[in-house]
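Both complexes shown next keep chain A, but they swap its partner, so chain B is in the first and chain C is in the second.
Let's turn to the complex of A and B:
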């Protein structure tokens, strides 16, 4: 009897279906449910006083209205777009350039490329701290180099004008290796015979890049850029560790704002409403991007 | 003649590569350099590129005062998330690779979408959920939350690994009298060993670097992992950059070592997980 039961559990297809459960449950409870709960919170009044009580008044879209009518909203939205657009643009271009460079044959090109990836395994929170030190305006090493070439010291993190450039540099530095690797995996897929044929035709490097390489790695480019957008748009720890969104609001992007509302002001309604806005913007941008650039090409993502 | 030119070109490329790497990795060099300086040397202007002497006390002092405690917390969180994630992802990834039904694609989609979710979207609701469960200020809050978002990548990745293992291998084991579960643990797992190791390394690095969940769910300093420890450490010792950099270095060293050891495999794993 017991052995029968055991063999039933161990041998039947049922085992396979049971295997599905743990991960699905974990993702449902700790990722999907919070996501939905976030929507619900964003249409209720949730402050520190109503945080623990069950009857939180339903306020419809009031939290959204409050957030959007906030005088800082436009500036923060603009910061988010500036941060995302410049990040994605430069990390992609540098990533592609590095991938092309290290794809050439020369001694040790693979291990050397591997060294570049170190920037990518450092936690973003720690990267924020490292660059905060590099950009220190009194004794930072970047200002030292700038003084050496006669530019003089710049108030990187303390002036509203330069703070955004500083966090951009740090974020681009962090994301270059990721882009380089995704582009490299595209480059490896181009057969050598194509390079040889191009070499015989006497094409220049840029002709080859534009007419042969880029069209061939198009699917990789599309996928890389959409991942870049998603990762950049949700960036929080790096900025938080570098500037906390300051000075004033100069580097406050939507995720930073959402966090401040929830955990500094205990205005959880506003915090969750901003989080939903992040998700909606991300969806809209992705859809527009896929529609305009990727079109009907298949095999992407 | 041509051959000489070619090798000369290669030599030039090699030199350029070294320059690129020197510039790119300068921030890491600067962390190490600062971490060995005395406070006087750290604050001096112009800064010295190489410390006049190696001051190891920065490390011992930082480790003894706080860093050791925070690193221990990071290790507890990192290992727990890795064990849970890899174990669950193994089972589910395997099932997803062997069940041949149409609806299975919906599940795969669930995990693909799960990979993209911003943590900032989940942090407030999870804070309230854990508050209700009485799990705030316990490691469990961070471990469970982090496992929930680490799982999707691990599942998708291990599914691909298991797909590459022929089913005939297990079927042979069944015929030999092995149960399905026995076959999974005794035949399939050993073959998938490398894949499991890679995803374990990736998950560990991911959990090691957690910041948002830890800073939100753990207000007790003695429980906070190193990333949060560093953050509050700077708040307290803003001018002692030599100590801050020593702390920074002990946080990043373990992940750099893991990465360099498993480099090629990790790259393959990460890119395949991102593309699927």
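Let's turn to the complex of A and C:
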């Protein structure tokens, strides 16, 4: 009897559903349902007093209208795009360059590569604090070096002109190791015979890079860039820790704005509406990206 | 590119390498420096890595006066549970997604991807409402559930991608030999997927170990803080004990460094094989 039951469980379609059930339940209840719940909050009037009750008046798209008509909206959207585009561009290029560089054999290349990855092991919250120290106007090391070569101190994080570039530098520094690891994993998958063949044909490094290496690691590149876009577009802890979005709105990106609306102003309707806008923008960007670059290449992610 | 480099190029190579290594390592060295300074002596511009009056005062204070040991215990408890849940559930679900064509499979995979586009901090409000209705505020269970749900989608995708590279003929052979579906999975496929399991574990670990924004909403009492949340509480409104903060930041990073060193062998192979498709 028991052996029958056991074989029934182990061999039928039931195994499949038993495998899926726990994970799917977990994701449905605690990831997808909150996502839908967030959407529902964004079309209701939500205040501190109605937050925990179900008695919230339906207001349609009013929260969205309020957010989009907000005078700051365009500036914050622009900040988000500037932050994302420059971050992704530089973190990818540096990541690829380092991966290529450390793929060569020279003494100590492995320990040195390990040191380059060190930023990855520090919690993002701490990284924000570290860079706040480095960029500090009075005691920061960056100004110390500038003073040494005769340039006056710059208020990196407290002036609207420089705050965004400072936050960008910190974020790029933080994200390079991730890109480097993903690119390295692409490079090691290229068989040595291909390098040998290229060496015999006498190709230059850049010919080899453009005609052999890049095409061979294309799937890795596509996957890395889309992950970069998603992670950067929605990134929050680093900026929050460095500037809280300031000075004024100079480094406020959409996720920071959403957090401020919900948890500083208790304007939950606006906060949740911004979150939905982030999701929609990311979806549009991803779909365009996949259609445009990846086309029919299946299974990139 | 596995060719021998000419000795002539060494100087240029090392100059470039050392420059970038310095940029990546320096900020971390700075934290070590500050953690070794006595008192709250952050306000010096000295560039010395080891300060003249270096002391372990901050570390000693951290482990004796502060409820730091409690935070370590809390963090370890939460992180280990999340890692186990992440690896076990993702290894099973990823397998089902990889090997079976069932109705709703595509929708499922796409939904998992979409959850990744929604920042964890944005789920804060709905999750907070749900958790408080379930009475899980100020409980580790609430936090564990939230972290697991955040880490799972990526882990499932990762495992699914890796299983895709393992030929199904392996299980079929095992089945012909009389092994049940479960045995074939457990004895044949799972050991082969070890590199991907390592990455899934690392990802779940990092999610739970580093996070503090969600934790700040769920855990209210200092005794229940995790390490990152505790560190955050050093940054008070009036004074910040930077020495303690820096010492805590170093302590929290040590297990991650150790894990990376220990797992580095599997790290590259896990990411490689998962992304190579025939």
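By our rule, the second predicted complex is superposed on the first by the 275 of 301 C-alpha atoms of A that agree within 3 Å, B and C clash if a C-alpha of one lies under 4 Å from a C-alpha of the other, contacts with A are read in each partner's own complex, and residues count from 1 in each chain.
In this text, a contact is a pair of C-beta atoms (placed from the backbone, for glycine too) under 8 Å apart; a residue touches a chain by one contact, two chains touch by 3 or more.
Just so we're clear, the structure is a prediction, and the values are computed from it rather than from any experiment.
Partners chain B and chain C, once the complexes are superposed on chain A, run into each other and clash.
In the superposition on chain A, contact is made by A:144 with both chain B and chain C.
In the superposition on chain A, A:116 contacts both chain B and chain C. Of the two partner chains, both chain B and chain C are touched by A:24.
Applying the stated contact rule after C-alpha superposition, one finds that A:83 touches neither chain B nor chain C. When both complexes are overlaid on chain A, the residue A:124 reaches chain B and chain C alike. By the document's definition of touching, both partners, chain B and chain C, reach A:41. Using the contact criterion defined above for the overlaid structures, shared-chain residue A:16 touches chain B and also reaches chain C.
In the overlay built on the shared chain, the residue A:135 is in contact with neither chain B nor chain C. Put simply, chain A uses residues 7, 9-11, 15-17, 19-20, 22-24, 26-27, 29-35, 37-38, 41, 51-52, 98, 101, 104-106, 112, 114-119, 121-126, 129-131, 133-134, 139, 141, 144, 173, 176, 181-182, 185, 223, 230, 234, 236-237, 240, 255, 258-259, 262-263, 268, 271-272, 275, 278-279, 282, 301 to touch chain B in one complex and chain C in the other.
Chain C makes touch with chain A in their complex at residues 1-5, 10, 13, 16-17, 20-21, 23-28, 30-31, 34, 42-45, 47, 85, 89-90, 92-93, 95-97, 100, 102, 108, 111-119, 121-127, 129-130, 132-133, 145-146, 148-150, 152-153, 156-157, 161, 164, 180-183, 209-210, 212-213, 228, 231-232, 235, 245, 249, 252-253, 256-257, 260-261, 264, 267-268, 271-272, 275-277. Within the complex, the chain B residues that touch chain A are 10-11, 13-14, 16-18, 20-21, 24-25, 27-28, 30-31, 34, 42-47, 84, 87-89, 91-96, 98-99, 107, 110-111, 114, 116-129, 131-132, 144-145, 147-149, 151-152, 155, 174, 179-182, 205, 208-212, 216, 227-228, 230-231, 234, 241, 244-245, 248, 251-252, 255-256, 258-260, 263-264, 267, 270-271, 274-275. For chain A in complex with chain B, the residues that touch the partner chain are 7, 9-12, 15-17, 19-24, 26-27, 29-35, 37-38, 41, 51-52, 98, 101-102, 104-109, 112, 114-119, 121-126, 129-134, 136, 138-139, 141, 144, 147, 173, 176, 181-182, 185, 223, 227, 230, 233-234, 236-237, 240-241, 255, 258-259, 262-263, 268, 271-272, 275-276, 278-279, 282, 301.
Remark: chain A residues 7, 9-11, 15-20, 22-24, 26-27, 29-35, 37-38, 41, 51-52, 98, 100-101, 103-106, 112, 114-127, 129-131, 133-134, 139, 141, 144, 173, 176-177, 181-182, 184-189, 192, 195, 199, 219-220, 223, 230, 234-237, 240, 255, 258-259, 262-263, 268, 271-272, 275, 278-279, 282-283, 286, 298-299, 301 touch chain C in the complex.
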